[in-house]
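Each structure below is given as structure tokens.
Shared between the two complexes below is chain A, which has chain B as its partner in the first and chain C in the second.
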Partner chain A sequence: MGTYLIRRAFHSFLSLAGLLILVFFLARLTGDPTNLYLPLDATLEARQEFTEKHGFNDPIYVQFGRYLVQLAQGDLGDSLMKARPAIDVVLEAFWVTLSLAAVVIPIALIGSVVVGALAAYKPGGAFDRIGTIAALLGASAPDFWVAITGIIIFSLTLGWLPTSGYEGHLVYWIMPVTVLLIRPFGLLVQVARGSMLSVFSSAFVKTARAKGVKERSVIFIHALRNAMLPVITVAGDQAAGILNGAVIVETIFGWPGVGKLMIDSIFNRDFAVLQTSILVTAVAIFTVNIAIDIAYAFLDPRIRHN
Partner chain B sequence: MKWTKFLLGLPLAVSAVALMAVTGAEAAGKIVTVVLSEEPDVIDPCESTRSNVGRIVKQNITETLTFIDPKTAKISAKLATGWKQTGDLTWQISLRKGVKFHDGSDFNAASAKKAIERTLNPKSDCEIRLKMFGNVKMSVKVVDDYTIDISTVKTQPILPTMLGTMTITGPNMQPLKGDRNPVGTGPYKFVKWVPGQEVVTTRFDGYWGAKPEAEGARYIFRKESAVRAAMVKAGEADIAPNIALQDATDKKMDFGYFNSETTRLRIDMSQKPLDDIRIRQAMNYAIDRDALIGSIFSEDVVNMTNLVVPSIPGHNPALKVWPYDLAKAKKLVAEAKADGVDVGKEIVMLGRLGIYPNATEAMEAMHAMLSEAGLNVKLKMVEVSQWVDIFTKPFAQDRGPVLQQGQHDNNNGDPVFSVFFKYGCEGPQSTTCDKQVDAGITKASATAAGPARDKVWQDVFARLHELVVDVQMFHMIGYSRVNPRINFTPSISTNSEVHIAEVKFN
Partner chain C sequence: MRSSIPAFGITDMQKPSESTAFIPPPPSRGLRLLLLLWNDKFAFAGAMFVLMVVLFAIFGPWLLGDVATKMNLRARNMEPFTLEKGWLFILGADALGRSILARIMVAGQNTMAVATTAVFAAMIIGGTFGLMAGFIGGWFGNVVMRLADMIMSFPSLLIAMIVLYMLEPRVENLIIVLGITRMPIYMRTARAEVLEIRERLFVSAARVMGASNWRIIGRHIAPIVLPTLTTIAALDFAFVMLVESALSFLGIGIQPPDITWGLMVSQGKNYLQTAWWLSFFPGLAIMLTALSLNLLSNWVRIALDPVQRWRLEV
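On to the complex of A and B.
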């Protein structure tokens, strides 16, 4: 396992390096950001000074060399927008997104497994039909519409929940978490259901039933463990998507997460923040992928031994 | 079995810990909550000509030497109590006595000099310097404890008006732009800035002026206009200074106001066929402004005849709105064509995404109108960075004829902040070069504030109207939503400043 993890980490590092190089050059193809940072009425001399001060007029290979030297020294650069170290800006935002993901994914995973398993237990039954329709609706519903509708109903009409905000009280989390939860939940229910249906028809489940094993144990111990692999794969993919930043939820509910930060840094040509946020989210996604691999190994001894 | 339980239980545990991980607080009572569309990226007062900074800082945390009245554009005393021109190149400013900064230091001639020099320091890219004083070289001399002389290289007859944009910062602030703890003399002092969440200020008990009713302010940030409007409606915020037209649906809470923005299509007169005045006239005749008002634009917008809004001295009220006359537009195009003008040459209509609400729809509508007049126009919408590159000099040599969507705001009391930049031969965004206009700009700039200066500016606007330098559109209306628990009326300055001291509680 140790060797495997080292190898995985090395491959992830190579992917990360490639990604950073790509982002560096692609971002700079958009040109000199000077005009975005100075008022329209700034003189030509002022623009030239700004460009020279930040090195935007240097050839791109010179800028890249400078970036590599800084990177080697652990310096990820300063945000042009916020005049602070880019890493500070990104980590503040990433913590917000991470905390959201840390709530959403476990709920989605557990809820979808339970619902999917029960739906698969009696395929075609009432629970299965309702669950499938709800899952499809959830997987198809646009976040933006759900969020705004939620605000209209639960905040403005019923007055049960606040409209938005990133605060400590549980009530501020309910709507953002619910909106973000709907699509992965819907998707995972379908995956869990399909996977469980497949497992229910396998020989070892029939054997367990024949031996008189309690039905609850058949579902949640024997069948579920074998059905979890595809569910975890999809959950990992969904987690990666959320870690990239739930832009719509962050924008509507005013959560200062990394998704919104990345979009703003693209529009504002804040290269240091863009590169740093991609670096941080890439590391997080690679970590999630490795965690999925480890989960595979624990769930399936065959994988562990291989 | 154990591993399955563990794997099921672990995510729940993680969720529970995450939910308990953060803390927060709600504002209440006489704290005014202002919900802004964008968090400022810096909070240095020398950036307060940017609206997302100015709404928090200007006249709240820091004050200016003079104050530009948003209704009349006249200046009055603030931290300066008097001013007189003692020479062609020198103004003497008398300073208010008994004023303290939030950190306890004294406001006097030395600290005023330091604050002005901080803003004008060429090592800082202060927006106030670049936008308002970019072409002004000036120096400050302390005459006595409460008097300073400001000397300029060229005569600046409206220097006192320009000082209405000069925020005065505490002498202990860091010398270059970027201080995250703004210190001023205003009625509210800075408490904290939690990035991504809020900026908080509290009433300054040592304020020199009248004690305001609001005990403090909390600024929060929501990009989506519908959410800002909902927050005020739900009682979570008191003022949303800027909401979209389609969200301004509550007549009791919503206020429309001139937001000092004027929108137009800039005509690149140096490029054929736009260099032909008949084509420029045809473009203006082809636009059915009445059709746009109340549909794509708010029903409250006002037709533009000058670049500045009517409250700015120098605005020429005698200029007429272009009437919609499609037949005349077609006739002018035909006449130009008969004279050999290449009216079939493709003209690019360059719009900027999100420059104002329904910006794309407005361009699409005008594209159809101009096409109907017989012009060959192609619509292209770009995002802000590309738009700025094309809008400012140096212009690309091979650019071709362009009509560029633009919006300009000026609530600083004089057309000098607009006209040179947009229409002067050397103006950084000017596609116009007319000797009469340039002469007018030079003359107005050297004339003391008053009726004579206003007349010169009016003549300049008349000449610009005669030249048909723009496809004229509208003076825009902004919308604010205000919580009924407070009494606050937005004004032309609300686009860039929100004066918390003016808030009264019902």
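On to the complex of A and C.
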């Protein structure tokens, strides 16, 4: 397990380094932040002072070298927009996104496994047909359109839910969570159903039934545990997607999450924030992937990560 | 010597068919697949819808291009489901009085063109790299796999947004970005299949007979890998379409005056309170197309798999 973790960390580090280099240089191609942050009639001295203070007058490779040195010292730079350490800004936003993911993924996982298992129990039955079509619909629906249609129906016509906003109150959570749920749910039901179908026809399920094990424990203990591996893989993918910023949902519903922060930082040429958000989400996704590998080993003791 | 054997063969083969001439010949492979498709009503409906969208994408701009751009200020935000302005206005009109139906039909072309090109490019380039990575292996294989990991470890929507904003959102850039983000899956699949195939006897036989590496890859391995890659591409198509729509919705995909469905939803967003149909119908078009593609590709996956085909025949 130890060497395995080190190898995984090394691979993730390589990908991250590649992406950070790409973003560092691409971001600086979009233009000089000076023009964006100082008024049009700013004096030449003010401009010079600004560029020198933030080091934008140096050649790009010098800036990159300085970035690496600061990174090694644990300094991620300051946000130009908010004049605060970038890591604070990013962590605040990341917390919002994390709370969304923490609500959405467990609901999607548990719900889809139950629906998928019941659908696979009687393939071709009424529940299976309805479930399969609903799952396909969910996987095909564009999230921005679902969000907008939801606003039209529940906010503008019925007036039950707020159009946007982010506060502790439950009503602000209903639409963002539902919209985020739809696609993972649709995908996971399909995966769970397929995986359960193949497990139901395997020998150990027949053995369990022949031994006289109760049908409920055959489904939810014998079969389910073995059918979970592919479901967990896809769920991990979806969780990583949300952690990287549920851009659309955060934009439409005005949630100050990390996806919206990244978009804003691109538009505002706030390079330090952009780089830090990518770093933070990469660490989060690495953690999710490791958690999934541990879950594999837990569900199927034959799997050893060597 | 060479000509004598086929001669016997032909006479032998012709005899039974003459005697059973009144029995209709078994349906061809294509017809059998069509019959199978007809049996699965959902997949059939999906196929018809996709066919319709493709036809509109090809002929729509040519037939309706003028109607879709003609402004008519008296029909501004006209309500749907009335026929007073003709059938073209059955889905209402947008803020400049242009027919929503005509615009949806025309906008399909951009969406389809971007998705088709991106998926096709990703399949060809990713597949080739994967084939080479699997066959040659060594440091080259490792580099290709690390590259695939790197692209895969970040969601395509985010990379696309960063790159498009920085490069300028043009159709070519959109296709390049979408193509690159979808490549890893083809690289990995192709490599995994090649690793298994290259150990088989017929590859060794080809090598013994002196075939070059290129010939072995192109002639002996690629034809076996291609059906798998095509199946993935069919599934990928709907996904790429959704990503393209999301990017256009966010304003960093295709730019006005060009139109796509995602852009239409985005433009209608400002009129939600007064004219819901501006964003509702284009979004519905996206969903129905993606749904049809998913239904169809699920069916194709089963129909092309000899082990599972019986599921469709009962």
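Throughout what follows, the second predicted complex is superposed on the first by the 270 of 306 C-alpha atoms of A that agree within 3 Å, B and C clash if a C-alpha of one lies under 4 Å from a C-alpha of the other, contacts with A are read in each partner's own complex, and residues count from 1 in each chain.
Please note the rule applied: a contact is a pair of C-beta atoms (placed from the backbone, for glycine too) under 8 Å apart; a residue touches a chain by one contact, two chains touch by 3 or more.
Everything quoted here is computed from the prediction, not taken from an experiment.
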First (chain B), second (chain C), both or neither touched by A:S99: first
Partner chain in contact with A:L156 - chain B first, chain C second, else both or neither: both
Partner chain in contact with A:G2 - chain B first, chain C second, else both or neither: neither
Partner chain in contact with A:L109 - chain B first, chain C second, else both or neither: first
Partner chain in contact with A:G74 - chain B first, chain C second, else both or neither: neither
Touched partner set for A:T30, first chain B, second chain C, both or neither: both
Partner chain in contact with A:P59 - chain B first, chain C second, else both or neither: neither
Chain A: partner with more touched residues, chain B or chain C: B
Partner chain(s) touched by A:G212 [first = chain B, second = chain C, both, neither]: neither
Which of chain B and chain C A:A139 touches, first, second, both or neither: second
Shared chain A surface residues [contacts with chain B and with chain C]: 30, 148, 151-152, 156, 251, 267
Residue ranges of chain C touching chain A (in the complex, touch as defined): 42, 146, 149-150, 153-155, 157-158, 161-163, 165-167, 238, 242, 245-246, 249-250, 262, 265-266, 269, 272-273, 276, 279-280, 283-284, 286-287, 290-291, 293-295, 298
Chain A-touching residues of chain B, taken from the complex the two chains share: 1, 3-4, 7-8, 10-12, 14-15, 17-19, 21-26, 39, 41-42, 49, 122, 125, 127, 130-131, 134-135, 177-178, 195-197, 220-224, 226-227, 230-231, 233-234, 236, 383-385, 388-389, 391-394, 417, 421, 428-429
Chain C partner contacts - residues on chain A that touch it in the complex: 11-12, 14-16, 18-19, 23, 26-27, 29-30, 133, 136-137, 139-145, 148-149, 151-152, 156, 240-241, 244-245, 247-248, 251, 259, 262-263, 266-267, 274, 278, 282, 285
Chain B-facing residues of chain A, complex: 30-31, 33, 35-44, 46, 49-50, 79, 81-83, 89, 92-93, 96, 99, 102-103, 105-107, 109-110, 113, 148, 151-152, 155-156, 159, 162-170, 172-173, 220-221, 224-225, 228, 251-256, 260, 267, 269, 295, 298-299
